[in-house]
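We just call them A, B and C in the order they show up, numbering each chain from 1.
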Amino acid sequence: MSHDNSSRSGGFGHRLTIAFTINGRGVTREIRPALRLIDLIRDDLGLKGTKPGCLEGECGACTVLVDGDAVNSCLYLAANIDGKSVTTIEGLSAGVDGPGLDPVQRAVVEHGAVQCGFCTSGMIMAIESFKRQCDTDGVVPNRERIKKSLEGNLCRCTGYKKIIDAVQSLFEQVQGADGAS
Amino acid sequence: MNFDLVSPTTTEDLLRAIDEHRGRRFRFGAGYTDLLLDLEEQQDNELTVINLARLNDPSFTSIVHDGGEMRIGALVTASRIIADRKLQSRYPVLCQAAGQHGSRQIRHTATVGGNLCTASPAGDMACALVALRARCDILPARGDARSLAVSDFFLGVRETDLKEDEVLRRVIIPTDDGEVKTHSDFIKIGKRRSMECAVVSIAYHIESDGDDTMTRAGIAIGSVAPTIKYARSACEYLVGKRLSSLGPSERDEFAAKVVEYASPISDIRASAWYREDVLFNMSKSILENH
Amino acid sequence: MKKSLKVIGKPTPKLDGHLRVSGKAVYGHDISLPNMLYGAILRAQYPCAKIKAIDVSKAAKLPGVVCVITADDVDVAHMSHKRDHPVLKKGEVNCIRDEIAAVAASTKEIARKALRLIEVEYEVREGIFDPADALQEDAPGINKYARGDEGKNIAQTFHYEHGDIEEQKAKSTCIVKRRYVLPRVTHCCLETSVVTADYSQSDGRLTLYSSTQVPFLYQRDMARVLKMDPSNIRVVQPVIGGGFGSKLDMYPFEPICALLSMTCGQPVQIAFSREEEFVASPTRQAMVIDLTTGADAEGRFTFREVEITKDNGAYTSWGATTSFVMMQTFSSLYHAPACVFDARAVYTNNPYAGSFRGYGNPQSTFALERNIDLMAEELAMDRAAIRLVNANYKGEKTGQGLEYATCGHKDALDTVIAKSDYTRKKREYKDAPSARYKRAMGFASMLHVAGGAKIYRSDGCGTTVKLDNFGHLIIITGSSEIGQGSETVLAMMACEELGIDMSKIKVINTDTDIKPWDVGVHASRTSFVAGNSLLGAIGRLKDKISPWAARYLKTDIEDLDYDNGEIGCKTSGRSVKIDKVVRELHFQDPNVLCMESYYYEPASDFQDAGYKGNVSGAYAFASQAIEVEVDTYTGQVKVLDVYVGQDVGRVLNPLGLMGQIEGGVVMGMGYALTEELVVAKGQVVNPTFHNYKIPSACDIPEIHFYPIETHDQAGPYGAKGVGEAPLIPTPAAIANAVSNALGVEINALPMTPENVLKAIKDRP
């Protein structure tokens, strides 16, 4: 952001320059100060995989990772990703060879955890961040924990069960342990 | 949505920015989970948001345990509260409240300071902080910082004691390091089991000594009055008593004292009678099964 | 009888699952056409008012605005099957959704800003928000386009009867009469409504990128409204973010979007915000059901008398015809010797109702199953036993003329009773000390059409299959995919029949210019009707291929086996690659392409004027046993376990099937416990996910599913429709469980903690 120590506003109607990483690629963009991250992602960067479900933080369809943490891109100021790294659904399979899917995506397909799919991008991003946190903390979450980790992602089609199953399958090691929030 | 944005990185810049915007319309932005919804309909070009998210000052951004007190920066997010070991063991009620705040996504961005400054009667971390008798550390654009009990910070629905040129820097919970047994929880009642805005909430933090005698009790209630309330007489009622020896009539007496602090309204989420009944029942439940 | 199958019955992930999990599936909101404008609609500020003046001049002048339209600018016909719904409202508004003007602009923000600049002068009138008030002698007429032939402010009535009510009453030992009140709930598709219209002024053709679930009816309706030739309208269906019945009707925003595009000559997109979605998309009918039922001393059901008043809202959608389905439950769920059914949909100034998964059936099932519990209580019978006594049976022809060629009702009941361990738990509940938490179990069953429903003149579906020179199969089906997984099931069937790998099968189903006719996704019909249609087309394709293959392999057609991309001879073991056969047919004389079409029309009846007749090709039955725990301190209901026994005919894709079951049960839970679109004086009070609570992951119970396979001759591989069934009995079973747990009567939804606590407080 043009906030090189400057707290001064550039005057109304001015634009900010932000530099960030999107799905591993560095970009610089000029934006309106009030731009939401979801609009930057969908309209400006053309990454339509991130979905608008409510624009009020309630549904999670817009979930992306900012420096690894899942956030609602509809309630995140685009200006605040300056210097940060953003991962969207499109960035997941990018690291995988060929047209493959990353393990979370694969688990979701294989467990039948996707129906209409509109919640799915956000759901998968939430799972990614939860999985990373569990791995970092060295915990294997139980079913209740998994449910709790999905509380910010509404799904109207699946009834969640297959999604929970898919998450559980990602931790197929020691069972019964608990931890992580 | 339209506004201008300034992003100070140091406290000095922040205070200068506040000073420069004196007399003009401006808002602070921390985690933006309230603010962006608030500004949804903001159309004209007259508003500046002073972006706190870029501040690099530890007094705003960190959790410090320092002898006699815990200092939690206003910009500390709910997820960081949950993960803090010291808070988990010493003031679990705050972690319990933060753990029920919105969703994981919301918790990754929502800040303690935002929760206090929004001054919603349903604020969860705010409720826990009232129960813990925390104090606000407030910084004016010019002059010295001041400090104020969280319960006095709230003046009404969405109304705080902050002056136009003041910013909340941190909250401070007084501590002593003696060995205590704590009995605490954050109870939040809504229609669903998660992602709820409280219809009734109770934060309690009760400390007892080796003899099971209660030595300190802090109880705060949310969503049942224009502001979060500290149920002083109910707290006083407990101190000196033994948790395990309270019978049904004492539990009712205690619950009745809590309810005295409630003046609920009926709205789309619940009726006044419901809030009051549930507040009574849940207060009672705090003392059950011991 | 059952031949062993290769893919059918095996858990199969969604055909295009990889696209949906990688963000590559293109939904309506993701469409962006060159030069596209953004449309926005100005809606009424009051639910009932005269419009004295509209001034759009300021909006029109805003830079970026390309056009503004009002009713005066367009020449269109009224919408809805009752033709009582003007696209843009003129002179008056009758509901808070009413569209008054629309704008097309270069950005969403400008379009929204322009709306604020439109000045409307209203003369506010007292609205009518209660159907009972609308039925008063002196009530003003609400919808001036209503035909009114059935009475003022009555949009539609239904009368049905069979059997001798008086005779059955005389036989009854117990008669229970209750009133049930059902709220307005809404679909909450995760994707809000969206349409993109692209009109070409040079050739007069209109392309609509629409989420409709009935593309051909939509094309016809759109043409009628816009006064166009239907064939000049092409409907393209992007991936749909949830349907559940909400896309059965066409709504005003869709022709409005077309009109904007026609006016500007540029593509225009209208996408709802979530708030607009809550305010302006249809709801399940709110209704009051007065139900009287009887049973004899053995618990055998004798008669049912039903009177239903539905809040139609200001205009009539297909939803008004839910009585078709509702009456079936009263006439034919459990053996019912006599039934009289009267329903009317009454105009009010409330938001109008539409169709929603289950199509009236959750409401009627709720009423009926509550009454059954109350009768059991009165007769001192066990709640499971009374249901078993009356369960439907194979070969039954009901009073309404439904013919149960197969019927898994009793099996479903037996299964959930056994699996839920009901008998033991019932004893335990009785002995449980009165504590804060109360537990109990509740039962409910349901009957639903499962082989289409002939409510339109044709209930059929066309399919074209094309086997290309490289052994890949393209299925062009009339049916639509709305997330329910029908594409996958179709591909599985083709894989089964032709031995072609799933990865070599494509389903094309999104373009009315290409695909053959189909009535649309509703009535749980797609797997059944489109499945039979596909099997017909494949049959024809094989008629072409098999003779050649048999000649080549020097064997009989009966001896051929399609497997693994090859056609083999079962006796000799020799085989030939299927693509080779296609090429040979193509390049030899006479040159033949492997492409075939078939149209399937179910053998069901169009019902007579008395609504009698076998309306569906098959019927689904299901029973659920649900265990709940109620917190008497807060009134919160926790659904612990849901046991589902459902007659699905035959399991085609267990993975897809369970997804439908679990999704349906959880949606039913929302209806039962937390959801209600609160409308006060015609205004929607809670148009956000914040205040309209659908279940979240933390709320879900354990769901135990037991498919009952009855192998219905009429269905593909014996399968029946499944889509709507799982949601239907859930609210009833939960209400029965909560009532049992607390010793109260829950006769209204939703059972919010507050409503439950109130029931506890009011307990005598």
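Here is the rule we go by: a residue touches a chain if its C-beta (ideal position, glycine included) is under 8 Å from a C-beta of that chain, and two chains touch if they have at least 3 such contacts.
Quick caveat: nothing in here was measured; it's all calculated off a predicted structure.
If touching chains are joined by edges, the resulting network of the protein chains shown connects every chain directly with every other. Note on interfaces A-B and A-C: more C-beta pairs are in contact across A-C.
Here the spacing of subunit B and subunit C, counted between their Cα centres, is 44 Å.
The centroid of the Cα atoms in subunit A and the matching centroid in subunit B are 27 Å apart. Taking each chain's centre as the mean of its C-alpha atoms, subunit A lies 31 Å from subunit C.
Of all residues in subunit B, those that touch two or more other chains are 194-195.
For subunit A, residues that reach two or more other chains under the stated contact definition are 56, 58, 148, 151, 153.
Residue positions 690, 695-698 of subunit C each touch two or more of the other chains. Across the complex, subunit C meets subunit A through its residues 11, 13-14, 17-18, 20-27, 29-30, 187-192, 239-244, 273-274, 482-485, 655-656, 658-659, 661-667, 688-690, 694-698, 700, 703. The touching residues of subunit A, when paired with subunit B in their complex, are 1, 3, 5-14, 16, 32-34, 36, 56-58, 60, 63, 69-72, 74-77, 79-80, 126, 129-130, 148-149, 151-153, 181.
Across the complex, subunit C meets subunit B through its residues 113, 436, 633-636, 638, 673-674, 678, 685-686, 690-691, 693, 695-699, 752-754, 757-758, 761. By the touch criterion stated above, subunit B contacts subunit C in their complex at residues 43, 189-197, 199, 268-271, 274, 277-278, 281-282, 284-285.
On the subunit A side of its complex with subunit C, the touching residues are 47-56, 58-59, 61, 88-90, 92-93, 99, 101, 105-106, 108-112, 114-121, 124, 146-148, 150-151, 153-164.
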